[in-house]
Amino acid sequence: MRTTQQEEASPQELHGALDTQALEKIARRVRWLIISTVANSKAGHIGGPLSAADMLVALYFNEMSIDPSQPHAPDRDRFILSKGHCSIGLYSVLALRGYFPVEELATFDHGGSRLQGHPDMKLTPGVDASTGSLGQGLSAGLGMAIGAKKLDRDFHTWVMLGDGESEEGQVWEAVISAPRFGVDNLTAIFDVNGLQQYGWPAQERDRFDRSEPLGHVDLEAVLTGFGWNVLTVDGNDFGQILSAFDQVRAWHGTSGKPTAIVSRTSKGQGISFTQGVFKWHNGVATPEQLAQARHELLGNDPEGELQ
Amino acid sequence: MRTTQQEEASPQELHGALDTQALEKIARRVRWLIISTVANSKAGHIGGPLSAADMLVALYFNEMSIDPSQPHAPDRDRFILSKGHCSIGLYSVLALRGYFPVEELATFDHGGSRLQGHPDMKLTPGVDASTGSLGQGLSAGLGMAIGAKKLDRDFHTWVMLGDGESEEGQVWEAVISAPRFGVDNLTAIFDVNGLQQYGWPAQERDRFDRSEPLGHVDLEAVLTGFGWNVLTVDGNDFGQILSAFDQVRAWHGTSGKPTAIVSRTSKGQGISFTQGVFKWHNGVATPEQLAQARHELLGNDPEGELQ
Amino acid sequence: MKAQRNVWGEEILSLARSDDRVLVLDADLATSTQAVQVATELPDSFVELGIAEANMVGVAFGLTTLGYRPWLSTFGVFLTCRALDQIRMMVSQTNAPVRLAGAYAGLLNGSSGKTHQDIQDLATMRAMPNMTVLVPADEFELAAMMPWIADHDGPVYVRVARDAVEPVFDADYRFSPGRVHVLRQGDDVTLVSTGVQTSRVIEAAGLLAEDGIEAKVVHVSSLKPIDEDGLVEAIGASPLVVTVEEHSVHAGLGGLVAEILSGRGGPRVVRHGLEDRWSESAPNDFLLDKYGLSPRRVADRVAQALGARSHGPRVTAG
Amino acid sequence: MKAQRNVWGEEILSLARSDDRVLVLDADLATSTQAVQVATELPDSFVELGIAEANMVGVAFGLTTLGYRPWLSTFGVFLTCRALDQIRMMVSQTNAPVRLAGAYAGLLNGSSGKTHQDIQDLATMRAMPNMTVLVPADEFELAAMMPWIADHDGPVYVRVARDAVEPVFDADYRFSPGRVHVLRQGDDVTLVSTGVQTSRVIEAAGLLAEDGIEAKVVHVSSLKPIDEDGLVEAIGASPLVVTVEEHSVHAGLGGLVAEILSGRGGPRVVRHGLEDRWSESAPNDFLLDKYGLSPRRVADRVAQALGARSHGPRVTAG
């Protein structure tokens, strides 16, 4: 394979750069950027970005081999946000990580912005695949993983999916075919936050509660049955997240199988009034809600003054 | 619901009408009609219809509540051949069962025929859903089963899928959502005949052998994990088929779950030169091959002179 | 001034109350499409199916075999693109009475951007045998179409816009399939438009009038069936026709009008719509202006076409 | 006389031999599309993905990010209908160099019938930004297109017919994107055709000549991009244009030609193609005759159009 048209550069190795306390602090800032940016743009998703925030922070600040100054470095690890409506979570992490200025978040969703409503790889530095129509990201990641194997390239490809998204059949097409290719360089993170946009009513609660998208599915059994390595973590607990990453790294290049991380989280995690509330799938916080979120997330942390 | 526009008629109850020996005899005739009709039309599928023949015979001759003279009877059991390329298997059974003259099989695939290359519910008496683009039949069956529950109608809906077909994501969309609806009036038969049209090379055989479409999948574990009742049978053994049907009938209206029958069969089953040969996915037998098939299937059975 | 999606929510609820063949099938977007009104008020007429549009179309077909007439609730793009094969085989080829309510189709979808914009639905659905294709102008036209759709025996695709526009019709409007509406008279040019864009086109005609250009406005909301003679007659002796649509310039309303006129001789046709490119996420006004569908941009385009009738050599980009 | 699919199989094998960016991705139809030649001769350039077309498109996109230029092997209908949303977001919106080889598109698919016929692909792909849309006439034109496709930086949809036709070109043919080909001169009428139908149209022109009608034949194999001026010039002063295609009469080649001519004034256009209905499984000759694409039926249609230039009132059915 000719790779001459690609720039030659080495991404940074990060494993274990930060401890869980440092990661938690970053995650709180990310959550603040999420809710404040959406309020600023007057439209956007909240619950899904918040549930995924810790996982995104752990990946970008502690795990992936990346270099923000070289977003197209050929041997960087790849990340695909298959649940593309959670773009603001990814953008907030990319900004803090140095891919573009944090101030640019103020252009989110605006005309002419590099920060589209859904991730656009052609516009945003650090975005490895365009997403937005749900269910497609794992296929793209599988293509990258197959390509890496064919070219003997050593990077790892990470894909994050929603639990509602996993109702899409294409997810299972990718799940069924991936083990054929021995892609132990591919990890799918299922952000099982227990809610989708609307979904089914909960069985024994009032009509405004909703049931879990995959509540009736034994996800671990299913993924194992399809031939994947499976790990389960509390996806809002950095300790558990980092242990899972250790296992993924150990399996990379050795296990002969793709890995799934079943990441059990809460939708809207980290802000009292959004957590577990299906209506906060998307929404715009009032000034009072913003103030409360800010207090809960940043307290008196001056570095929180990021926007 | 208004159902006035539908004719009122009662289908026949069949359970246990025939013993396994009688069924085997019919199945041999069906196999002969399959290979001879395709030879006559000079195009068509062979392997998939042959693997499914016993299941189809058991359903139409011994299990389903149907009346060939009333193909639209509102309370008939429904059958959907999701793997629609196996139409000639279904047509042969429908013809022998009396839905239309056996002679009409000679028009298979011909211009203006009621017997299209893929099943067309608007043309062929006894065909409950149009299929041909793979992966869609289980969704249609789920719609029928949900509708029956809503309307308090007692019929059962059967859907047959291929193992290659089960690589289609839409199959899994239907599998994931069906348990939500408590459709114990729905049964999916997976005809796991071990081959698709082309598929993957077999690991340790020569390059003309192909591997099983779901060979790396623990299908029973997966279906159980998605919340289905699961039964496994040798789908070319009438004894096992009929026992499974007994269980399905016992679960109908009681189990609160849809049922999957994992029917393990051989592609091309019943004719020595087609069995297990992936190239016989489709094909036209030579006169010599036809003579041999006829001998193997019918011997001197005069009733075999059906076409 | 009411958004079509709100009208759709109210009307579908009232249809479901009076007609037990009506079911609403949702692919996890009830709160956007407003199917939520049926979900909360009439849960037995509501079937949630999750984020699985292909399966939803198959389930809808299955329900029609029992006499139901299901309406599908999701964004247009997740019907006409994500589930096109299912619509083709199970709905179009069987002529099943499934109602495809394509919400948020076109350019304007509340800043979701190009992944959620359906700018190909009219091309795709026009080429689909048995399909009726309706694109109402406003709340009144949509409301009037809905009982007709509910009673129609075959499949229907209907666009339901997200945001409100200045109404074109009023509560007295009566829907008649195929009919072409002349909404404004004018001898200099005929503007042919569809859907909520017609409201903006009428505004554009006002802008043109200020410059002394009198534009006729023809609204085509029933793309299929269409009264071809009615369209030809409506255009009359107009020296120039400009089609305007929230859709690709290829194969949509412009294609339809060109096809009809090209069989009849008749005036030169200029097609206006989304040029052959993808768009972005931004507020409506920004999008309409940047992508040429605001009244101002429409007016400018028409003035330009009237001024410069012959094109130089041109190869359209692939 | 060679079938396009066989030529495709041979050419893709030779491209894969010389260009390691070439990969063939198959959705379990390699034996039909002839991708099997790559699978057996050059297994490292072949990726089987099973019956999962949507996933295949995503995998193809992923591979392009590493410099690969994958060709997809399946029936056209399972690309342009089953995987349309994936093509839209992952291929068209990112302008990824994925090659969509739509086998068996159109009417003729070896008796598989309407579930396997793609009669909407030209409408759908024309309205897709960034997409190049090619429909070669014969073995020679397809072979000439393939190296061009292999080098093209964006996505390409190319129809590959199942069965052989009398060639229109020869081994000297050179492909140039957008170019329009005048294959026969004649003053009475211009027939515009695409794909393998052009071969049958040339035969139809011969039939017309026997009746004293001289038809010009224009072949459009590059629907996008297209040299619009070239098309207008090719048609020249012809009093009547009849478009002929193995595709719905709506929004395909006929739509394209009508769109171009309608911007220029010019002659009356009659569009000929599949009337707005689904077809059936039957041998090719039966299908061509019944559905109006045989040389005889094309010739009759043209004669009729020349005889009766004005239509009575007509509402096309929905």
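Think of it as A, B, C and D in the order they're written, each chain with its own count starting at 1.
Definition applied: contacts are C-beta pairs under 8 Å (C-beta built on N, C-alpha and C of every residue); 3 or more make two chains touch, one makes a residue touch a chain.
Composition by chain, UniProt nomenclature: A, B = Transketolase; C, D = Transketolase subunit B.
Treat the numbers as computed from the prediction; the structure is a model and nothing was measured.
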Where chain A and chain C overlap in contact partners, by chain label: B, D
Path length in the contact graph (chain C to chain D, fewest steps): 1
Rounded Å distance between chain A and chain B, as computed from the means of their C-alpha atoms: 42
Geometric centre distance via CA averages, chain C-chain B, whole Å: 41
Distance between the centres, which are taken as Cα means, of chain D and chain B, whole angstrom: 35
Multi-partner residues of chain D (at least 2 other chains): 48, 50, 52, 54-55, 77-78, 81-82, 85, 88-89, 93, 114-115
Overlap residues in chain B, where contacts from two or more other chains coincide: 120, 130-133, 135, 167-170, 173, 176-177, 180, 200
Arrangement of touching chains [line / ring / star / complete / other]: complete
Interfacial residue positions of chain C with respect to chain B in the complex: 20-21, 44, 47-50, 52, 54-68, 85-86, 88-90, 93-95
Sites on chain D touched by chain B in the complex: 26, 28-32, 36, 39-40, 43, 48, 50-52, 54-55, 77-78, 81-82, 110-116, 280-283, 286-287, 290
Chain C - residues contacting chain D, complex: 77-78, 80-82, 84-85, 88-89, 92-93, 114-115, 119-120, 123-124, 126-133, 154, 177-178, 224-229, 241, 247-248, 250-252, 254-259, 261-265, 268-271, 276-278, 311, 313-318
Residues of chain A touching chain B in the complex: 135, 166-173, 176-177, 179-180, 200, 214, 216-219, 221-222, 224-227
Complex contacts: residues of chain B adjacent to chain D: 41, 43-44, 84, 109-113, 116-118, 120, 130-135, 164-165, 167-169, 196-201, 207, 213, 279, 281
